[in-house]
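Letters A, B and C mark the chains as written, and numbering starts fresh at 1 in each.
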Amino acid sequence: MSKDLKRRKERLDRGIKVRSEDIFALSSWKVMLYLLAPRVLPFVVVLGFILFASPYWKMVLVSTTMFGILAISWDLLLSTGMVSLGQALFFGMGAYIAGSLNHIWGWPLWITIPVATVGGGLLCTLLLVPVLRLRGIYFAMVTLVLPLVLVRIIEATRILGGTEGISGLATFQNIGEELGLSLLAFLAVLLGFRRLMGTDYGLVLQGIRDNDRSVIRSGINIYWFKAQALFLAGSVAAFAGAFMTHAYMFVGMPVFALDYSILPITAAVVGGTGTLAGPALGAFILVPLSEALRGLGALRVVFYGLFLVIFIVALPEGIFHYLQRRYHQFERWVKVEV
Amino acid sequence: MSDMSEPFILQVHELTKDFGGVRAVDNVSFNLKEGDSLGIIGPNGSGKTTLVNLITGFIRPDEGNIWFQGKRITGMMPHRIPQLGLARTFQMARPFYQLPAYKNLVIPLFSRRVRNLTGGKYGDRDAIAIDLLEEVGFERDSSVPFKPASVLPHGYLKRMELASCLALRPKLIILDELFSGLSLAEVSSTVPIIEKIQAEGKALIIIEHRLRELFRIVDRVIVLNFGRKIAEGTPKDVMENEEVKEAYLGSE
Amino acid sequence: MLLSTLVYGVVNSVILALVALGFNLTFGISGIANFAYGALYILAGFGSWMLLNALGLPLLVSLPAMVLMTALVGGFIYRFILIRVRGMVISEVIATFGIGLAIVELFRYFGLVGFKYSLPVFVDGSFLIGGVFLDLQRAFIVVLGVVLTGTLWIFTLHTKTGLAFRGIAQNERTVLCFGIDSDRIAALSMGFGGGLCALAAVVILPLGTISVDAGYDVLLQALAVCIVGGLGSAVGVIIASFILGIAQTFSAMYLGTHWMMIVSLVAILAILVIRPSGLLGKQKELEERI
């Protein structure tokens, strides 16, 4: 690909990165700053945002964290080898369960949300278990199709509020409580899942993605593990749905809309798949961006589509990986010994 | 069934598999006693790997049955069979490249079988993994077990594959072309490891193309050609068999 | 009543088959699931409309031109975008999905909604068949469907390119060894698929208006037919279109139009659970899939 075959690009860890391994992280202020800055910076930014943002933008932040959770849940599935084209399924399931429980039996939101989380995850896992055996593309198609079927059934049978949906649901006491809970949940999911993927259990999941025959011959039932991953991912996505239902005090057919399926994928592709933090980053970029561009209407989705294509082709590693790489490594041209 | 004084660890009876119009495995039967080693040889495409896939549950046979330790395993799910103690390697060994070598063994150590054998506690998986690697010849006090699998030479990867089998503490191991792609030096360092496994009383089925090395390790061989078993016996008997010679070298 | 439902059921089946043909071709030859298929469909529709109305070109020029242009777009999608992610199924799906999304929503953004956005029928009028009135456009569609299927049959069985297509479908690596350029074939398959899609569009769209949501519906219908029939199997597509087409028409007549799509979608789910490689799917490995 390069014209001049006598040189090649070499990537090396930066000096400060090497100096920061293990206990040497404490060796100097500069090293500690190097390690802490990328981890602390997002907190600082978000904190500043909270202090100075208007109530409207605080709502956007809530929305962002929930989309972040959706994106993280998508990435968890991907890390286990499952590509979902329908996070909306989990989201909508959680939304409807919470909304129905609140509307029909008047359960308060601190009961409906946990119930919707676990129940939604369980229900969706049971729906998807039959297709776990099939090649990835079929799983993808089923996840794409299921929310559409559910929407049309709701539309046709007019249950659960039909086309109008259910409104007037219970909500949080104030925006502060809502924002606080949403951020807490987001952090719990992000850090919890990252921790999980770092354990041996996480290795088994990633093994299923990379080389499932090898995992099978090691005496592990990959379908059981896939189902577990599906439940975990599905539950947190259902949580997001339940949370948003109570934030907006409304649940209706739009909860199964393509938007909730597309945005997590775009966020993950833009942010960088496989890291859980990448999709979160992607969500934090895309959701505020799309709010800012609200005036453009349907053009936003056009941009999502274009982002998807551009990133998957040109920058498949995603922004997170790219930034990580630039932060920790430097590149230079090296002469090739002939 | 088995009426021998020494129990058979594996009994394969009239196994047959068709793919579309091709009969990949044709009415193959053989038995293996506990602790014995059997070689399976045959020209390319003779159905050796398909036979292994049938035995280990990755493919369902059209006809025939398989018994492992007296238990019928035909049609069992492929993850259940290793849990019973039957491990296999893959011809195309693909490790988890970005993981260190010892971490590659975590997955078999995660299985239910290991949990049952260690009485509910895995123990320190990392330490067990390092021990296993030493058993297959990784130098102990070096950084080799900690290197990512992507930088290890082929011989090491093959032995890592073998270690994954050993992690399951199997009674029977099926090795699918373990020596393929190895240099003579690597083969000579791998043979003692296999002999050690045999000494521990594990049964082995070894599929190989490299006959000279194979015949040093096994004393019984079956030959497949076009899916059929055309010969069975000691290496010497089998190599003098006319049909076998024809299969490998072609007829006049 | 029953006869008329049956007649319209048959017509619906041929429509489904026509729609699914292009998608099935692309997947059968190069294994690419073209999730931008629906977008190409409405692209052909709106494009023809513009050629006819904005440029005032005659029907006999605009329609073939649009079919050709859509085919080119399909080929370009492969040549400039998909070629870079070839082999990585997830990336291919996401890339085509993204392209399709961008195109469909672009049309939505341009506000191309309304009755004025429709294509004219080729011939007006209708005739009686067994006591049922059938319009000539629908009759034309059936004839076209039969002719097209027959032509494709002959093509894949008797021409050099057709044989190459079948070769690739069966074993890509071997074909590469014969010196056939896999990328070129893949681009051609995307082009052919796009062209067939456009052909179906210009023939079927005159029956109603060109709606933006058809971009998604068409993709789902094509998916339904191909999955039920078995991806890659032309005969399977035909059988599946008839099963789905008649089921859809009957449920529309007796249950309501809402249920038409539900039938297709439920059929997809059912098939994937019961017999994943489709009724006549060639990919038995799917079922052997551990």
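The rule is short, and it goes like this: a residue touches a chain if its C-beta (ideal position, glycine included) is under 8 Å from a C-beta of that chain, and two chains touch if they have at least 3 such contacts.
Predicted model only: the values in this text are computed from it and were never measured.
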Most remote chain w.r.t. Subunit A, using mean C-alpha positions, is B
Taking contacts as defined above, which has more of them, A-C or A-B?
A-C
Chain closest to the assembly centre - both centres taken as Cα means
A
Rounded to a whole Å, what is the gap between the Cα centroids of subunit B and subunit C?
47
In whole angstrom, what separates the CA-based centres of subunit A and subunit C?
33
Expressed in whole Å, how far the mean CA point of subunit A lies from that of subunit B is 41
Multi-partner residues of subunit B (each touching 2 or more other chains):
58, 78
Mind pulling the subunit A residues that touch 2 or more other chains?
213, 216
Check: subunit C positions touching at least 2 other chains come out as 290
For a test of understanding, state which residues of subunit A touch subunit C in their complex under the given definition.
78, 83, 85, 130-131, 133-138, 140-142, 145-146, 148-149, 152-153, 155-156, 212-213, 216, 258, 262, 265-266, 269, 296-299, 301-309, 312-313, 316
Write out the stretch or stretches of subunit A touching subunit B in their complex.
200-201, 203-204, 206-207, 210-211, 213-222
In their complex, what parts of subunit C are in touch with subunit A?
33, 81, 84-85, 89-91, 93-95, 97-103, 105-106, 108-109, 216, 220, 223, 227, 256, 258-259, 261-262, 265-266, 268-269, 272-273, 276, 286, 289-290
Considering only the defined contacts, which subunit B positions touch subunit A in the complex?
56, 58, 77-83, 87-88, 90, 94-96, 99, 103, 106-114, 125, 164, 167-168
